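In order of appearance the chains are A, B, C, D, E, F, G, H, I and J, and numbering begins at 1 in each one.
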Amino acid sequence: MTRSELTQLILAAKIRKELSWESIARALGASKEWVAAACLGQMTMTSEQARTLRGLLDLPEEAELLLQAVPYKGSLPTAIPTDPLLYRFYEILSIYGLAIKELIHEEFGDGIMSAIDFRMRIDREPDPQGDRVKIEMSGKFLPYKMY
Amino acid sequence: MTRSELTQLILAAKIRKELSWESIARALGASKEWVAAACLGQMTMTSEQARTLRGLLDLPEEAELLLQAVPYKGSLPTAIPTDPLLYRFYEILSIYGLAIKELIHEEFGDGIMSAIDFRMRIDREPDPQGDRVKIEMSGKFLPYKMY
Amino acid sequence: MTRSELTQLILAAKIRKELSWESIARALGASKEWVAAACLGQMTMTSEQARTLRGLLDLPEEAELLLQAVPYKGSLPTAIPTDPLLYRFYEILSIYGLAIKELIHEEFGDGIMSAIDFRMRIDREPDPQGDRVKIEMSGKFLPYKMY
Amino acid sequence: MTRSELTQLILAAKIRKELSWESIARALGASKEWVAAACLGQMTMTSEQARTLRGLLDLPEEAELLLQAVPYKGSLPTAIPTDPLLYRFYEILSIYGLAIKELIHEEFGDGIMSAIDFRMRIDREPDPQGDRVKIEMSGKFLPYKMY
Amino acid sequence: MTRSELTQLILAAKIRKELSWESIARALGASKEWVAAACLGQMTMTSEQARTLRGLLDLPEEAELLLQAVPYKGSLPTAIPTDPLLYRFYEILSIYGLAIKELIHEEFGDGIMSAIDFRMRIDREPDPQGDRVKIEMSGKFLPYKMY
Amino acid sequence: MTRSELTQLILAAKIRKELSWESIARALGASKEWVAAACLGQMTMTSEQARTLRGLLDLPEEAELLLQAVPYKGSLPTAIPTDPLLYRFYEILSIYGLAIKELIHEEFGDGIMSAIDFRMRIDREPDPQGDRVKIEMSGKFLPYKMY
Amino acid sequence: MTRSELTQLILAAKIRKELSWESIARALGASKEWVAAACLGQMTMTSEQARTLRGLLDLPEEAELLLQAVPYKGSLPTAIPTDPLLYRFYEILSIYGLAIKELIHEEFGDGIMSAIDFRMRIDREPDPQGDRVKIEMSGKFLPYKMY
Amino acid sequence: MTRSELTQLILAAKIRKELSWESIARALGASKEWVAAACLGQMTMTSEQARTLRGLLDLPEEAELLLQAVPYKGSLPTAIPTDPLLYRFYEILSIYGLAIKELIHEEFGDGIMSAIDFRMRIDREPDPQGDRVKIEMSGKFLPYKMY
Amino acid sequence: MTRSELTQLILAAKIRKELSWESIARALGASKEWVAAACLGQMTMTSEQARTLRGLLDLPEEAELLLQAVPYKGSLPTAIPTDPLLYRFYEILSIYGLAIKELIHEEFGDGIMSAIDFRMRIDREPDPQGDRVKIEMSGKFLPYKMY
Amino acid sequence: MTRSELTQLILAAKIRKELSWESIARALGASKEWVAAACLGQMTMTSEQARTLRGLLDLPEEAELLLQAVPYKGSLPTAIPTDPLLYRFYEILSIYGLAIKELIHEEFGDGIMSAIDFRMRIDREPDPQGDRVKIEMSGKFLPYKMY
């Protein structure tokens, strides 16, 4: 069983059992954002989380070890995503990318926002003109240093 | 003068005059995020903003009209950005993309977060273990409808 | 069963049962354009539509849940389509793209035609010199806003 | 002067003289859709149209001949357009492509919609929930024939 | 069974039964060029041709319907073909492309040679210095029209 | 002056002097197909042809030597041509490629049609239903040999 | 069985039976270079060679016909090979390509070295500072001809 | 002056002065293969060679230093060369690549033919059926070693 | 069984048996860096190593021969790796590449660092501000030579 | 002046003044690795370093400000480098990439080696069988954390 076959199993079981990411996240004791990414093969679970998930979704035995192995990360089937929801994030990067770069450097100097020491929250933002998706990203600033 | 030549002029003048995006944004009466994107050729200015920017940066006369023309958008020189700061955002999309998709659909059903009816804020988040970059995105949820 | 395996099942059953998209659309209570897209894995069905389609095409049980899950969208096997019928639409975008952009901006200002709040009709247009394909697209104009 | 340099000249003159595509189209005696495409280097003008356009926009002498030469067509700088307005049309092709193919074949049999014997109209469609962009395409159906 | 699996079946049966394209074409009542393309999944057969081919090659039952369905066209595994025989045609397009474009426009004005209302013949041209491959293509000229 | 700058000069002079490829070909004593390709930087002229062309088009002195140098061949700006006239030839290769391969091998065995020992003619084929473009290609068959 | 499945079978049998390409070549009566290429799906065998190879490697019956069919050629999984031994040949083309072109044109005029009427030898060249790989290529010069 | 501008200067001067690579190579005291590659920006000259070449071709003063700087190597404008002479070498790699790999490993074990400790000769091979291009490559075998 | 199927078997067995690369390396008598690469299909084992590994991981019989065959090397699924750990190495090459080139040429002249006569060590470097990954690469310098 | 034009100026001046990276690094008070990267447009200088470099290389006035601006990073002209010295590093990533990933995860768990909190040294390693290039990389380990 490869990791992407396991991802297929997880998604199928989640649909069949009509579970939400929220409820899986509660069972695993972590945020819904981290748990969804982990189930989709991007993060590494603890042995306890792996055992819990296996029970919750009736996964085969070898899934438990595989969920604890560090996966080869990257979840998009094409370099530029075709799915409209995902493409909009690529578009934001394309339209605002250089502006983001300018503003972070203006505030922090040369360096980057970490994508490893990083967390994210996705919420509904009620709005009379139509509710909005609100995404908060927080990543440690890592400065380039002279040596 | 093409729009990208104007962008070069703006960036050179900003460095020469030692202006910050914050101060340019105040002069133009909009957020620093929108103003930086507009100066970099991704948004369309009002005639008043174009006149103000021209004065602020000593731009040539034709810049004023060009800043009011709708630009061909997209600011990255390659499909996958080579700049480390920008690449991290591409990586977040690659690692968290499917998780974001799952969670937005779980909360809202089928549809997308708009990248047009959209706003963004970039802030410093003080942290004793090293300050963090905080990015808030807010986009209207647009549902797919049956017809 | 992945969503694209389900698409293969649907297409095979439709051929075997000699059903038209028109008749499937009538059974599902939506337009032929939306229904064909949904069957091909691009739209999300209601539970009633999924049950109806399953009955109509003798699909396996798990198809019913899968048709209600939001799919990963994008239906072309290559970035530039090789199929001549589809390529012509890519060519129209390539030849008329900038003209469309100029004319929409002239009429509406900076913004886009939504591909989400969108509908489409495909009809036969009788013509003595050879009938024509007529395609009407209608998408909400979404303006960029300053913030 | 290459054709794309001429396109830059035309766009700059149009902005400077504050002309609309509508008014240029009236002067040239053709639709705004065809005229915008022709000015952007995708169609071939008659000698009279070329002379009229040259006068209207104060173009240099050699422009007149160049406007009558058949151009190398294709107006997008990248295979997948980065501009959000244009990308939406690419997305429509990606999401609805196979559905369009199925429906045209169902109605007409094997063949294509011509992109040469083709015309297009772009209009504003008033709507209380926000005006819409309406695009009508009409292309002759060309059947594949056995031989 | 997908259409490309059927193509594999056809090619295997043709080798096993030691049939030539000439003889299959005679049985189907069309040119060898059209028949080879149809067998390889690029053209749509009549019900009679499909039945004949099925008998000739002992194909399974579902092949008969599949041969009458309009296929997703395009038969090359890579955008630039690696096979030397096929590459030479790509090379001819690369070397002579602009010359062909110039000469067709000189003779016919702006427009294209149709690839749909199109036929082709491949023949042996005896030559004392080594026989030659002779290919005749004939496609209707389709003019661009102003509107 | 690079070879592609010379090509631009030749095309501009041809338009300005309102010469046809036919007449240039007569002056150079070769077919219009070869001459157009040579002018566009794909073939090598004799010193006499280079001198004649220079006189005919008032080219600068260094053009004469450059026309006799073997060029770096390949005239398409992108791997898949965007120009509709040229794309149709790419499409013919995509749709009929494997059929052409099958038929040449059936007639000649393993080998290729030469694109070097090659000639081509482009003619108008009158037809009551609309004139047709006729293209004849003739290339020496080159067999693979065992060694 | 596809041709590439047959290639896998051949390679597996060769390893299992501990045969060298030299010995297979002797059995088939051709050079090791041609035989290795033929076994790897790039050349077409005679019926006698196919029968011999089938016996030698215990291949299934249908392999015999498949080895006599002209294959779709091209053996690299990516356009730029990742394997270091193969990449070095790509690198030689990249570094020496234009020099090779200049020198062949200087000696022969405009034309190419045939890759069809071609043979190759690979030998060990003993050298006190470390033995060397010696590759001799010989291809017929094919001149471009005016017409 | 960049290195590729210098290459243009060298090629133009060579044509204008009607020098052969053979004669330039004699003047510089190295093989024609190495000298052509060095002139085309792929090898590094000694100070004496640079001075000689500058005199021979009347190059500007800064050329002398530039010819002694190690260049950024790689001389092909596209990953897959469009020029037919060069493409044939790419085709040889594509067709014979895996066979070459098998045969070198059979003779030498795991390792590569060096493209650095490498030399090449290009010669005319007279042949009654048409002269042939003969290319000899010799590269040191470099074995992979366990550690 | 292909080599990449064997790689999957090895990885699965290593997880199931909870073995470390360190312990496998000790059993095979080579460094952990070389052994991990060899297990992942990039290096060639001796017959003794292959037998040992087969025993250690309960691999099927044919694995033993396959581990001794020279593999087709290159282990990344995409040209630019999506996995963050691997991407950082690509980024180092992108950011520091030209600097590395300049410094090696300054010290050694024109030539390369061998990737064949090469060894590597990966170690933990304790650091109070967070431990560091230390990578040492050592490759023989191979000079380009004139000939 | 763009940053890449400044890079050209710096390289030309360095050659003309016959300065080494070592000596420039000493003048700027940082390592040769960091200084070469900074001069090549990948790092940001302090105002003092910028003034020193300007004096050392007689750069124009605006260079001083530009050297202090954070550059758009990434120094390779193509995604896969063509230069042999640089390609070897890409090859090391391709061959050893997965092994490096396995070994870092074995030692540190899930996370990456930072390419920002990173330093590098390039040295000559004397060796009787030919001196070696020694590269030491040290990057902080950044662990993924659950949240």
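Here, a residue touches a chain if its C-beta (ideal position, glycine included) is under 8 Å from a C-beta of that chain, and two chains touch if they have at least 3 such contacts.
All values derive from a computational prediction rather than experimental measurement.
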| request: Going chain by chain, each one touching the next, work out the least steps from chain G to chain H. | output: 1
| Inter-copy rotation, chain B to chain H, in degrees (Cα atoms; steps of 5) | 145
| message | Based on mean C-alpha positions, I'd like to know which chain lies farthest from chain I. | response | D
| Which chain maximises the distance between its CA centroid and that of chain J? | E
| note | Note: chain H sits from chain C at a C-alpha centroid distance in Å of 53
| remark: Note: chain C sits from chain A at a C-alpha centroid distance in Å of 29
| query | Between chain H and chain I, what's the gap in Å when you average each chain's C-alpha atoms? | reply | 31
| said: As a quick test, compute the distance in whole Å between the mean CA positions of chain B and chain I. | reply: 41
| remark: Residue numbers in chain H touching two or more further chains are 33, 72-74, 76, 79-84, 91, 94-95, 98, 101, 105, 111-112, 114-116, 142
| message | Going by the touch rule stated at the top, which chains touch which? | response | A-B, A-C, A-D, A-I, A-J, B-C, B-D, B-I, B-J, C-D, C-E, C-F, D-E, D-F, E-F, E-G, E-H, F-G, F-H, G-H, G-I, G-J, H-I, H-J, I-J
| query | In their shared complex, at which residues does chain D touch chain A? | reply | 80, 82, 84, 87, 91, 94-95
| message | List the residues on chain J that touch chain H in their complex, please. | response | 8, 12, 15-16, 77-78, 80-84
| Touching residues (chain side chain G, partner chain E) in the complex | 1-2, 62, 65-66, 69, 72-74, 76, 79, 115-116
| remark: Residue set of chain G touching chain H in the complex reads 20-22, 32-33, 36-37, 40, 42, 73-76, 79-81, 83-86, 88-108, 111-115, 118, 120, 122, 124-125, 127, 129-142
| note | Residue set of chain G touching chain F in the complex reads 30-31, 33-34, 43-44, 46, 70, 72, 98, 101, 105, 109-112, 114, 116-117, 119, 142-147
